[in-house]
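Note that the chains take the letters A, B and C in the order they are written out, and that residue 1 is the start of every chain.
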């Protein structure tokens, strides 16, 4: 009796493995086998471009992914399809886009696995990619192995860019810590900052960014009064901010993510910490930041990277109007939306320019051409985007303006930062 | 010097007050009902988002939201227990099996609530500013909203404690917690009491949510973080002991505040070090038997 | 051969099935499309976590939430030693370090029971994560490491090998005096001690054996993840998953956790790909319904069917 009982689960396991073997491809993806005669290299008939994206739709990365990346990607697909699609020369017609999107549940293992699923099983034409630095790190070897060109608008790291020779299919699109740090150092010295405090998150972003800024400023003669780190998930930083306040520095530089930067803003208001220059890296460019604290309160706050619709780039203003209508005025990201949108613009122009869906050719085209996007004329050197709309942004009258580097600025810098408004 | 100490102590009490509040609810749900409710943070999230929506859309004061969210979540919790956890209790072979099964079920509830919240409120950060007037206490400055949070956390927790020790219903709950069989024999409707307990746990989440939304930004995925803190505090204080949870919450808040003063990088490490050391010395928590 | 022969002697009927299944699994990369291997590797990883979790927690009823710690230790072993040593050596070291860590945690937790044990193990895992974060930030100056990449067929075979060794180990523990001792500890620790069982030793060793396999799985899985940091390696979800999968499958039999983990992982995969926006909603509903209607897990359902089948047979004769 007991022995026979074992049969059932074993049979079930067998059936399960057969299922796994037998139907790995969703039925709608069954493309007919290519029966092209060997003499003509013409590609098989195609009536759409399939894009694949595994990104966080649940778990802790959902918010960043949703605000920064998902919205501009979706808007772009709708716009392109409204025009009939992307014109691909080798097919002699416009091909509409179809997106296969998976939820990576904010888990790196799942992300790698699903990216491989998109490549191996769904055989998508191109990959739009995940959100956040760690995720891009994780899929870098995979996209390289299968020769899928990807343009990464949400990666922020020195480590990855140093590996450019090993990962020719990954293009780093976002402006990177080194350049941002240099612009910040110049700005701080220009403004005559003499003393500073710094705080960073215990995370790749926080560490690399702080290492790019703090030693340089110290070397240039700025006195570093305090230099602290804090963990993700911290709920009270008032002791640190009170210490900062008692040191009375000219400038404060915080390198952290939205959760911590929003907390630091709220608690700085509370303790009355108001340095002449107040910089927090990620999340300051989010419209929700202005919505939560009010335009008057955030006036003069600075954040990492910058973009503004008044910058002199093709379609910048129109893009921002559409983006604001799409996400609502409280749902945009003044920096990330433009970057994510321009990344897919590059992909689109590369497909059009190369005239093919051949990924190796598209990759080579991306590596060599210049692209006209909402963040300006993008071109890549060593797979790193050389076009940067701005390095430091500042809230002014409810808009996030570019204030550094100087030659890119869309507004004059406000210095010193005005006092927190008294309620 | 005095100012620094006041800063650290009051700051620690504010965080601790919130920790205590969220832990008390979970403590009741586990202590009496034996449900390790990992969706506790999701109930807090509902409270926080409801408060946000009411404030932004209708201008309803977050303090008024306390009396809206609390009862609403009480009813929700009560119904979830009647429809889900009571049935599990009936079908599980033993209390051990029930604990495992209810853990799995509350994970399901967590997933469902978080997904619904993402659909309703979208993947975005929300928040509002409310009563950020600075108040000066012997040189240490705090904003009104944080002090109000502390005040309410203490009042609600104490009120809850008095309810459990002084009222008939409270006494029935405590009897049920200690010995369900005898309580049932002496005329306590045990099913009703268990559902009320779970509802009361949700009620505390319904109070904590609005308070949290007053001082922190909120997201639909914020729940897990608070659940973990609540679980740590409940165990630290001693399972089922409301007093223990209160003390545990304040201790954790104070220690976090002190450590942050010296090295913010170690604040979370300190939580777990304290937790582990204490359990090694007292294997049943501060107030556990 | 003796070992396998021993198993076959016990189950004469299913031995053919086990054999066929093993051959199917072993030759899978030869005929199945590439992604099937990758998916099965992930499923095997969760099966390994769940079955090894059950070795200790099943009979003793001590619910451990330290799986992430053991898995993460394996992951970090691979990340640190990846380039220096051959693969097999690193996996063994990962397993060994997890084993030693589990011995240590095991002795620490001797006095803890029930909920205190559950949360203590969880706290240890979180403590290691946060300490490592602090250490990497302040001592090595960077958070996050690259891991050597290994071909996915090779990862699959190693995972399969760990799985086979684990199943044999679990089987023999179940049918040994050691396994009986574990079971009697689950029923009553005092009674077990009275019967002359060295409760401490049995508990701690079982805990360490279960950690051994988690560490091995973590070491090899890290090569698929390419990039890791403490939050990835010690993700608390890795602690909760084995518990949920084991309950989902049912813990009474050896194959319960296997089926639980396999179905759970496969279901999650389908939902997060076909219903990406409603993954949690549907998955959560499935969990709630499953536990409502299958309080003894999937194998409870199987046994019910089985009973009904025999009852019908009897009725018809």
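As a convention for this text, a contact is a pair of C-beta atoms (placed from the backbone, for glycine too) under 8 Å apart; a residue touches a chain by one contact, two chains touch by 3 or more.
Bear in mind that the values here come from a model prediction, so they are computed numbers and not experimental data.
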Pairwise touch network: line, ring, star, complete, or other: complete
Between the pairs B-C and A-C, the one where more C-beta pairs touch: A-C
Where chain A and chain C are represented by their mean Cα positions, the distance between them in whole Å: 35
Centre-of-Cα separation between chain C and chain B, whole angstrom: 32
Multi-chain contact residues (two or more partners), chain A: 57-58, 202, 229, 231
Touching two or more other chains - residue numbers and ranges from chain B: 114-115, 265, 268-269
Shared interface positions of chain C, touching two or more other chains: 130, 134, 137-138, 277, 279-280
Residues of chain B touching chain A in the complex: 4, 7-8, 11-12, 14-15, 114-115, 118, 122-129, 131-134, 141-143, 146, 215-217, 219-221, 224-225, 253, 256-257, 260-261, 263-265, 267-269
Parts of chain C lying in touch with chain B, wherever the complex brings them together: 61, 63, 108, 111-116, 118-120, 122-124, 126-127, 130-131, 134, 137-138, 236, 240, 243-244, 247-248, 277-281, 283-288, 291-292, 295-296
Complex contacts: residues of chain C adjacent to chain A: 10-14, 17-18, 20-21, 24-25, 28, 31-36, 38-40, 42-43, 130, 133-134, 136-138, 141-144, 146, 149, 152, 221, 224-229, 231-232, 235, 237, 253, 255-256, 258-259, 262-263, 266, 272-274, 276-277, 279-280, 299, 302-303, 305-306
Chain A to chain B touching residues, read off their complex: 57-60, 62-63, 65-67, 70, 199, 202, 228-231, 233-240, 242-243, 258-259, 262-263, 266, 269-272, 283, 286, 288-289, 291-294, 297, 330-331, 423
Chain B to chain C touching residues, read off their complex: 30, 36, 84, 87-88, 91-93, 96-97, 100-101, 103-105, 107-112, 114-116, 119, 228, 231-232, 235, 239, 265-266, 268-269, 272-273, 275-276, 279-280, 283-285, 288
